[in-house]
Amino acid sequence: MSYLEVKDLRVAFPTDDGLVQAVDGVSFNIERGKTLGIVGESGSGKSVTSLAIMSLLNRKHAIISGEVIIEGKNLITADEETVRSYRGHEMAMIFQDPMSSLHPFFSVGDQVAEAYKVHNDVSDEKAFDHAIQMLDRVGIPEPAKRASDFPHQFSGGMRQRAMIAMALCNDPSLLIADEPTTALDVTVQAQILSLIKDVQKEFNSAVIVITHDLGVVAEVADDVMVMYAGRVVERGTVNDIFYRPEMPYTVGLLSSAPRLDQVSDRLIPIEGQPPSLLRLPAGCSFAPRCFAKSHVNGDACDTTMPELLQTRPGHDVRCHLESSARISVAKQRLAGEN
Amino acid sequence: MGIYIFRRTLYAIALLFVISLVVFVLFSALPFDPASLTCGKNCTTEVIEANRIRLGYDLPMWEQYVKFLQGIFIGRDYGHGVASFTCPAPALGYSFFRQECVTSLLITALPPTIWLAIGSVTLWVGTGILLGIWAARRRGGAPDHIINVLTVFATSMPTFLTGQMALTFLIGKFGWIPPPDYYEPYQNFPKFFSTMFLPWIVLALPGLAIYARLTRGFVLETGSEDFVRTARAKGLPEKTILWRHTLRPALSPLTTLAALDLAFMLGGAVVTEKIFSIPGLGRLTIQSVIQYDLPVIVGTTILAAAFIVVANLIVDILYSVIDPRVRLK
Amino acid sequence: MARTKIGAKLSAVFAVSALLISACGSSSAEGSGGTVTYLTHAEQILHLDPQRNYTGQDLAFSVTYLTRSLVSYAPGAGAAGTELVADLATDIGTPSEDLKTWTFTLRDGITFEDGSPITCAEVAYGVSRSYADDLTDGPAFAEAFLDVEGGYAAYPGPYEATAEQQALFDAAVECSEDGKTITFHLNSPMADFNYTTALLTFSPVPLDEGGNVGEAYDKNIVSSGPYKIASYTTGKSLNLVRNENWSADSDPFRKALPDKVVVKFAQDEKGIDEYIINGTGPGKTALSLDGIYPDNLEAVFSSADMESRRLNDYDIYVTYTAVNVAKMTCLPIRQAVFYATDREALRALGGGSQFGGDFADGVIKPANLPTDYKPVTGYEDADPAGNVVKAQELMDQAKTECPDEYTRVTTKGITRDYADGDVARQGFAITQEALAKVGIKLNANFIDPGSYYGVILNPETQGDLSAAGWGPDWLNASTVIPPLFIDNGGFNVSQTKADPDYAAFAALVDEAKANPDRASQGAQWAALNQYVMEKMWVLPGLFTKTQYHWGSDLTGVYLWQPYGCPGFNDIGVKN
């Protein structure tokens, strides 16, 4: 049984220029012990999706519909107090920039302890002891001593470890990591990713890793969801996505990223820019940038938004192309041939 | 930290001496003759000269300054024969207009100004911050607009106008509020309060508006910081997020501002003290300027400067307490 | 008069901006008891120390409540208030035949607030204090008149005097064995020396000054009057309570009506008027020592409600323009300036006829010096708005009589000294325009008000014309004509010595000063006033007025002529 069910999640931001549909009908499930990678460019809606799950979007500025169900409870319609009791407790989140995400005026230990104390009726001392334990568990050396240090006294990797300690201190069933390694040195990235994998095993949590970095996904994810312009365009196991990608956008992402497991002469960037969410194209959102558009008969790409359809069990794709055509186009592209 | 404070204190003392010297030089450079001001009817040059000697303006400026410095350390004698008397150290001079030692004038004028300053600064900082928070949380809503209009209004109304209107109408015309008078709070607190609250409000209005705007800005700015999102993600209640996480970074600039404002107010609120008959430093200052009462001008200037200097020192120390990233060297 | 003395009285002319008329409501002062409150914007009473007090209202206040003198003016409205009566003395003084010795006998039962008796020694001590350099601002009349050998230079006052120096003073001020009689030896005959003793310079001070010697005495004076200081805080208040050691039996005129007298300092000027007009705050039982705020004059004097609690009466001052005779040597030109001046427009600047006052015809004011006043003749054709025709005639005359001076005033022009201010600048514009009509070019020297007198009293810095004002020190034109027009008289801004006829004039003045007969002396002063005007040593300005108002629960307010302020003696609270 899935731990988290997201059904037809939609998030829109009204602006002076019109409605920005940041997330448009996203649905997915995730089980405990599994890791879901959400991949997409900036503005694809992946971060907004995670914030919507955490209910961290300001409801005054965002129109949210759909369902986010954790163990039968729909957080979208739940009252603020219920949602708050879930946050940091049932579900926790790690952010991109650990420097700015940690409060500069409080010691690291205090910040971890605060996260623990808010959901557990314990004394300050106990909470702080727990914080030290957590810091120890995420690999901070001399945690008792470093706990009273302030974030600016920590290195980037240590800060992210502290963030992870803070997120994990209440044994959350769901951990969302939003670009957890983007702001870190490459050498530190691997450590953090393996830490996330380790703690996931230890806590048996469901993990959502949001990233634009396919390498991160390959490293940690069981399943992958590719988003473009607020919609899911392809979804499958990590093998489906990396070895049998069908949606041209996924293919484009893969062909524009260096891979160690495949030999390729050159990287092929995706041309053009992601569309403005204010003025999405009439048909497929990706159509203006799609290299495979010529393989589709008629003007379906420009007039109709394709459905997200199953191409194989557990592998869904949103594309007008026939499945077989998709595979061959993808192969050519990944071989660097067009 | 101890060394830092010691060094800063020495620096502050040196600064005060420089300020006193500057005031001395400035006033000696002014195109007026203090001795001739003491002369009205029956005035002759002999009278002017005799008064010049009596007031000590016959000496060269440097000698006057040396005598002034001596007074600070060993006190200073005035008068002749059996009518002579001493202003004990630290003597900042003697006011022939008020017939009192400057130091005791300052000591007498200080409490009213302190109460006025503390009351109004507390009121304006406190209310300003609360209004600012309220406006920020209802951003774009009615409270935000109302506060916006009020702040524009309050900052554009000079104190002499609001003060004069408050006095003329609330006290003079309608008699709703007891007339100005000054009581020490420990002598008669109800009377102290009933005569002080109007000056507090009048003095607080412009500052209140400024603090409301600033706080609104801080709250909105900090509210979009990543660490506030983190706090929310931890499941902290909104109250904790606001008071602990959002306002804490605003504490540094607000504390700096409030401490300097307080120091500035401790130098005396000229207009408010004058309108509301508060016998404080501000009125002492303005009266001494009107009368060209040099010793008092020097005394009040040095005291006001001392408040600013000390406040700056305290602010620096507070900074290191408030913001862990700041270390005093 | 080489003395460190400051005439604050004179400066007050510039504080008085406007004045006026109404019968002074002298209601009967019944109400005794209660508290009378006086409101002022000032920080303190300039001086309570009797030897330093020289401001009209402060003198009136002090003499009524705290400090008795040898003689005083009988408090009362109008002429009744100008009569000299005995106070500490049993009569108003007895002069010797040659008018060089004056003797006063002290009453029985007169004491200070601590019950200690007031004798000749305390009076003499008080007078001697006026010599001390430590005590500024008081009038220098003792030094001027007492026959202390060597004068002020020889006697430094009681604080520093050696036994020999003190002996010089003691020879001039003599006490009888029993301490009941005090004799003043004068250096020249004076018919009106007893008026001088109405000034507090001649008031007693305890020999130990109540423990507050010199400067400190000012805030801690030892009372001889019906009240004493309970507390006195600069910038806050002066509180008087009854002096239990004062006895009405020993005092011929003080009524001592209220139980308490409070002076509230540092009050907002507009606030004071609001309290009084609306009866708010302390207003019902308060009187404003500052008069009425100019903006409120119209309202106060048009309000029926205020009818019984306002006054508009003459103060003690005459304003005028001193003509520097040393520079303005040509009489027709001096007269032309007078004729050409638009006095009507100038008066309008200062409150108009209602509040500003009447056009003066000289320097003697009929309101406070009726004995010495006679209308000046010869200028009946001087239209208040200016008589350009007459002025032009005079200028034409000057062209032939004194051509050099004529050339100077019409080309280079003449300079008038002003104490700087908005009104002064407007006044200059009016006068400049008026004089230009007859070809006189007027320049202005605007001087900081604080240093104004220092500038105009120095012949080197003085201009051709100088704005000035004067009030008598006591009710005899001997304190007007001599100081204003006699060399070294103290305020001879007109530099009359430069006039060829000065010697003759000075002789007439000496004659008048020594005349013991008050009535004929008055005629002499009136004639000298006429003389001054014929010489055009001054351009007369206004017989100024002052306005006061008070709360509805006060009774007995009237203007006391000798001091040009409310007579405090009859002020009480309605029962």
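As written, the chain order gives the labels A, B and C, with residue 1 at the start of each chain.
Throughout what follows, a contact is a pair of C-beta atoms (placed from the backbone, for glycine too) under 8 Å apart; a residue touches a chain by one contact, two chains touch by 3 or more.
As the structure is a prediction and not an experimental result, all values here were calculated from the model.
A.B. asks: Which chain wins if you rank chains by how close their C-alpha centre is to the centre of all protein C-alpha atoms?
C.D. replies: B
A.B. asks: Tally the contacting C-beta pairs at the A-B interface and at the B-C interface, and name the larger one.
C.D. replies: More C-beta contacts join the chains of B-C.
A.B. asks: So, what's the distance in Å between the C-alpha centres of subunit C and subunit A?
C.D. replies: It comes to 94 Å between the two C-alpha centres.
A.B. asks: Could you put a whole-Å number on the gap between the CA centroids of subunit A and subunit B?
C.D. replies: Going by mean C-alpha positions, subunit A sits 55 Å from subunit B.
A.B. asks: Based only on mean CA positions, could you tell me how far subunit B sits from subunit C in angstrom?
C.D. replies: Each chain's C-alpha centroid was found; their separation is 40 Å.
A.B. asks: Hey, what residues on subunit C touch two or more of the other chains?
C.D. replies: Within subunit C, no residue touches at least two other chains.
A.B. asks: Report the residues of subunit B in contact with subunit C in the complex, numbered from low to high.
C.D. replies: These residues of subunit B touch subunit C: 32-33, 36-48, 50-51, 54, 78-85, 96, 98-100, 109, 164, 167-168, 171-175, 178-182, 274-277, 279, 283-284, 287, 292.
A.B. asks: Considering only the defined contacts, which subunit C positions touch subunit B in the complex?
C.D. replies: 1-11, 43-44, 132-134, 136, 139-140, 156-161, 213-216, 218-219, 233-236, 264-268, 270-271, 273-275, 278-282, 448, 450-451, 453-455, 457-458, 483, 490-491
A.B. asks: Within their complex, state which residues of subunit B touch subunit A.
C.D. replies: Listed in rising order, the residues are 225-227, 229-237, 240, 245, 248-249, 322-325.
A.B. asks: Which positions of subunit A touch subunit B when the two form their complex?
C.D. replies: So the residues of subunit A in touch with subunit B come to 54, 56, 84-89, 92-93, 95, 97, 100-107, 114-115, 118-119, 150, 152, 163, 166-167.
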